[in-house]
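Following are the structures in question.
Next come two complexes, and both contain chain A; in the first it sits with chain B, in the second with chain C.
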Partner chain A sequence: MASLIFQIVVDSLLLGGVYTLMAVGLSLAFGVTRIINFAHGDIVMYGAYAAFFAFVSLNIDPLLSLLFVAILGAIGGYLLFKLTLDRILDAPGINQVLLTFGLGLVLQNVAVILWTGDERSTTPSYAFDSWFLSDDIVVAKGRLIAFGLAVAFVVLLLAWLRWSELGRATRAVSQNRAAASLMGINVRAMYALSFGLSSSFGTATGAIMSFLLPITPFMGFPILVKAFAIIILGGLDSIVGTVIGAFLLATAETTIAYVVPQGIGWAEGVAFFLLVIVLIVRPTGILGTVGRDA
Partner chain B sequence: MTAAMLELDNIRAGYNDAIAVENISLTVGQSEVVCLLGANGAGKTTTMRVVTGLIPLLGGTIRYNGEDISQMPPHERVTAGICLSPEGRQVFPDLTVMENLSLGSFNRRARRNRAQTLDQVLTLFPKLAERSGQAAGLMSGGEQQMLAIGRALMGQPKLLALDEPSLGLSPKMVSTVFESIQTIARSGITILLVEQNTRAALSIAQRGYVLSAGRVVHEGTAADLAQSEMVQKAFVGAAFTKQSVRKSRRERRLAESNPGGAGA
Partner chain C sequence: MNLSRTSVMVALSVFAAVISPAPSRAEDTIKIGAPLSLSGKFVSYGAAAKRGVEMAVDIYGGKVGNKKIEILFRDTQSDPQVAVNSFTQLLSEEKVNFLIGPIATPMAMAGLPAWRRTRALWVVPGATTPLLEEEAGKEPMLFHTFPYGYYYHLALARSLREKLGPGKTVAIIYSDDAYGREHLPYAQKYFTQEGFKIVAEELVRAGATDLNPVLAKIRRVKPDLLLGLVQTTDGIQLTKQVYVQRLNIPYLVGTAYPQLKQWQDASGEAQEGWVGVTTYIPGLKAKADPKYPKLFMDSDVWKAEFTKRYNREPEFIDVGAYVSTCMLLIAIENAGAVDDKEKVAEELKKLDVHTMIGRGHFEPSLGGTLNQAFADVVVHQRVKGADAILYPKEFETADKFEQATYAK
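Right after this comes the complex of A and B.
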């Protein structure tokens, strides 16, 4: 029994790391632009493909290509924003939602055309490795790496937001865009920057997912759905809230998968059950501010 | 009057389809303190928003130091030296006082002198130094107003725009804030001040414009405006001195006893 509980804790933590990676970019972009990027999952997918091709054709480990994939993601996200969303920032919110949703569909289908729907994956040695903490407690090495990177990314992001000039400006835009422009901050440029940064997190996440999940053009949507649920749990615009939401969801899913008979099937529904509960009890999410004044 | 720093020439602006100000022309000279007076909805705040670029100009021109800035985006106007302390203060509530002040000097020109400007602002508002680590949203209205003005000063303004600095403050706090504004004015910074508290505004301004229904209805030196019937009629509330109330009662009595007689 004790080892079961311990295994649940271990698995929850590791899954929470994966979920944090999926959601943190979405939360960052929303916090600044107030636009939910429904193409975020597909950006993750492109990161996974980039890492895959780096692995099979150039023999570069995903953990190494991650850096380049992240840089490409930043550039891609910035350009995507400049070419599309930047033109409709003054349009009603529904147009922006439709645009990002449409972008997601385009990205997905371009991937099908380019790379077919076949499942692929990178196969570095650590993808299959596990550690046994005791006779019956297992730690999957791939997920442990993902967990470590998630912690590192979040710490870096929070430090940047807290102490850098641009990070402070990012928080200012998130809280009050008109007042931010009165500080001499180019709000539109900050939108583009946050979108680029968000995409960079997305593609980096993809590189990590390349050895955890099967890579297909359709892998983005389930990732988006999970990430969406997590940031609503956490309160949409709070990075710390997002991390809490990710670990909360991971713990709930893992516990149900272990404890409830046939629980693995049920676990998939947990995200939405939690979502409904949180929206009833605390509509702003755990740490969120969106709609606080409304 | 010295050379005009800010010139509004027949400006028109509004929100969606509603025009809020029309044909407003005014000038603010170098190192001058100019106030805009008027009742609620007269167009004062709209004028401030147009000057700082928060809302688009629909007609007319805005010149700043001779340059046409009508289409310049707001963040570039800040870099050019136009800094606004907005109506309702608009501090960043979850950021600390110090972070708010640092953001005030985000623009490239002011960032270089941040430490020095910060010293000056904290000397002017010692309260902000005491509260430097506190979240801005948790401070009192008066403290937030000091922060909003201090934050605008951090941008090293050449033209400081102050929108309703006395709004929602206790009378004691109003005089504290206005003393600080006077100190700022003496340091040579040009000030464009919007106020409903006419008496406080005219006590520190050299000239003023009276707005009503989106137009300039009167202008003059502060001394003239302080005497003017027009100014007192343009408002309700704060501007109504006991004297003017008494006077208007007398007028009403006269009008009642003399129906059809020549009005005021």
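Right after this comes the complex of A and C.
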């Protein structure tokens, strides 16, 4: 029994790390711009493809290419914002939803045209390695690395938001757009910056997913759905809430999968039931503020 | 010289009429509808089928008798609703009498109601889950040219029993989609029939990120075999996670995915030892058909021809679509190159050819489909990055199953 509980804890933590990676970029973009980026999963997918081609063509390990992929993601996200979303910031919310949803479809179809629907994956040695803590308790090295990177990303992001000039400006825009503008902050520049950063997290996440999940042009949508559920659970505009939401969802899914017979088939349903309960009890999510004043 | 605008327009119209090719008359052409997933999640199936169909028409010479063959490809976009539209457009507007495709079962099932309105001659070189058989197997105009899933389990259970001996235990992992649920009863039936004891049956969600909870449960029952009834994407995830978990199960068995290059590339070192089933695999030595050697060549010659055209090795759907199209074209020709589905169906039933994937002859399937060709299934195993063929006997390149690397 003790080993089962320990294995549940280990698996929940590792899955929570993966879920944090999936959701943190989406949360950042929404927190600042108040736009839900429905193309976020597809940005993750492009990061995975970039890491894959760096791995097979240039023999660069995904953990090394991650940095370049993140920079490319930041540039791509910034440009995407300037060319599209910047033009409809003052339009009704449904236009923004439709735009990002459409962008996601375009990105997905371009990927199919360029790379076909074949499944791919990077195969660095650590993706096949594991540690045995006992006869029953196994820690997959690839997931542990993902967990470590998720922690590092979140810490870096929170530090940037708290202590850097641009980070504070970003938080100011997030908290009160009008006041930030009156204080001389270029709101649209902050939007573009946060969208670029969000995309950077997205593509970096893709590089990590490249050795954890099969890469296909369609991998983005399930990631988006999961990320969306997590940020609603944690609170749409809260990074810490997102982390809590990710680990809560991972723990619920893992526990159900271990404890209930055929539980892995129930896990997602139960996890989303949990989401519904949280939203009824606390509509802003665990740490969110969006909607509180409404 | 003054030219009025009208005279210029008239002159241009006459010029355009002269240089444009004469439209082919309907009676000079035989149209074959091909609803395939050319985009969306089943694009790899659709793209392979398109290659096979195009190569068959090309090698056939583009004509049957004196009539041009026109293949009307329609993209189902891997979406059942679009598949309905594709079938309706081909059958009601184009009024085709012959259909080939789709490959994925959900697309075939979506097209079924539209097909029932005209009952064109329908060649299906895919749809392995027996849903189509249950719904339309008794239809005389349905010609299924790919083994149903139960043939996989029959061949797997038989070959594993022959080579591993009696009294082995099996754990089954199946996905919660139509594929896993449809395959499960047949796996249970044939593995039990061959004397295996099923010690675990675990459901996994299609697209699941984490399979550890299921694998941990299976580790406890210590089976001799693990059978994974999932599709390719989940097959990659299963293969990698089984390896990472070092489950210590000696024999790892999949369905169709171990033959796919994308599974092999994505699974890396974890693919070693996995057993799979297929209808065609490079290395299979099949002789040319004596009557139609230019269509049904030696398998090596055909493979070289395919590789030259497409710069890649053929996979099972490429070959399946190719031989199915060739058989349809032969039947049309034998019927007198007429656009008449009844006459062509009669000719198709008479055909008996030797192809790169076995005997091409229609007879009732085990599950009751009236016209089933190609029930021969090859069992192979990934050994040192290549394929060893273990069943049937005449194609064997190895005489025993290897244990998974970490279990040795």
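Following the convention adopted for this analysis, the second predicted complex is superposed on the first by the 292 of 294 C-alpha atoms of A that agree within 3 Å, B and C clash if a C-alpha of one lies under 4 Å from a C-alpha of the other, contacts with A are read in each partner's own complex, and residues count from 1 in each chain.
Everything below uses one rule, namely that a contact is a pair of C-beta atoms (placed from the backbone, for glycine too) under 8 Å apart; a residue touches a chain by one contact, two chains touch by 3 or more.
Note that the structure is predicted; figures quoted are calculated from it, not measured.
Upon superposition of the two complexes on chain A, no clash is found between chain B and chain C, which fit side by side. Contacts of A:M183 after superposition on the shared chain: chain B is touched, whereas chain C is not. Once the two complexes are laid over each other on the shared chain, residue contacts for A:V155 go to neither chain B nor chain C. Measuring from the middle, so to speak, at the Cα centre of chain A, the directions to chain B and chain C differ by 140 degrees in steps of 10. Looking at the superposition, the partner that touches the larger set of chain A residues, chain B or chain C, turns out to be C.
When the two structures are aligned on the shared chain, A:L15 is found in touch with chain C, with no touch to chain B. Of the two partner chains, neither chain B nor chain C is touched by A:L67. Contacts of A:E268 after superposition on the shared chain: chain C is touched, whereas chain B is not.
Using the contact criterion defined above for the overlaid structures, shared-chain residue A:I75 touches neither chain B nor chain C, since it reaches no partner. Of the two partner chains, chain B is the only one that A:R171 touches; chain C does not reach it.
Superposition on chain A leaves chain B and chain C with their closest Cα atoms 36 Å from each other. Judged by the document's definition of touching, no chain A residue lies at the interface with chain B and also at the interface with chain C.
Chain C meets chain A in the complex at residues 39-44, 47, 176, 202-205, 207-214, 216-217, 219, 232-233, 236-237, 240-241, 243-246, 262-263, 265-270. Interface residues of chain B facing chain A in the complex, by the touch rule stated above, are 52-54, 73-75, 78-79, 83-84, 86, 90-95, 99, 102-104, 106-108, 110-111, 151-152, 155.
Put simply, chain A touches chain C in their complex at residues 7, 11, 14-15, 18, 109, 112, 116-121, 123, 127-130, 132, 136, 138, 140-142, 212-216, 218, 222, 253-254, 257-258, 262-265, 267-268. Within the complex formed with chain B, the chain A residues making contact are 165, 168-169, 171-172, 175-176, 178-187, 289.
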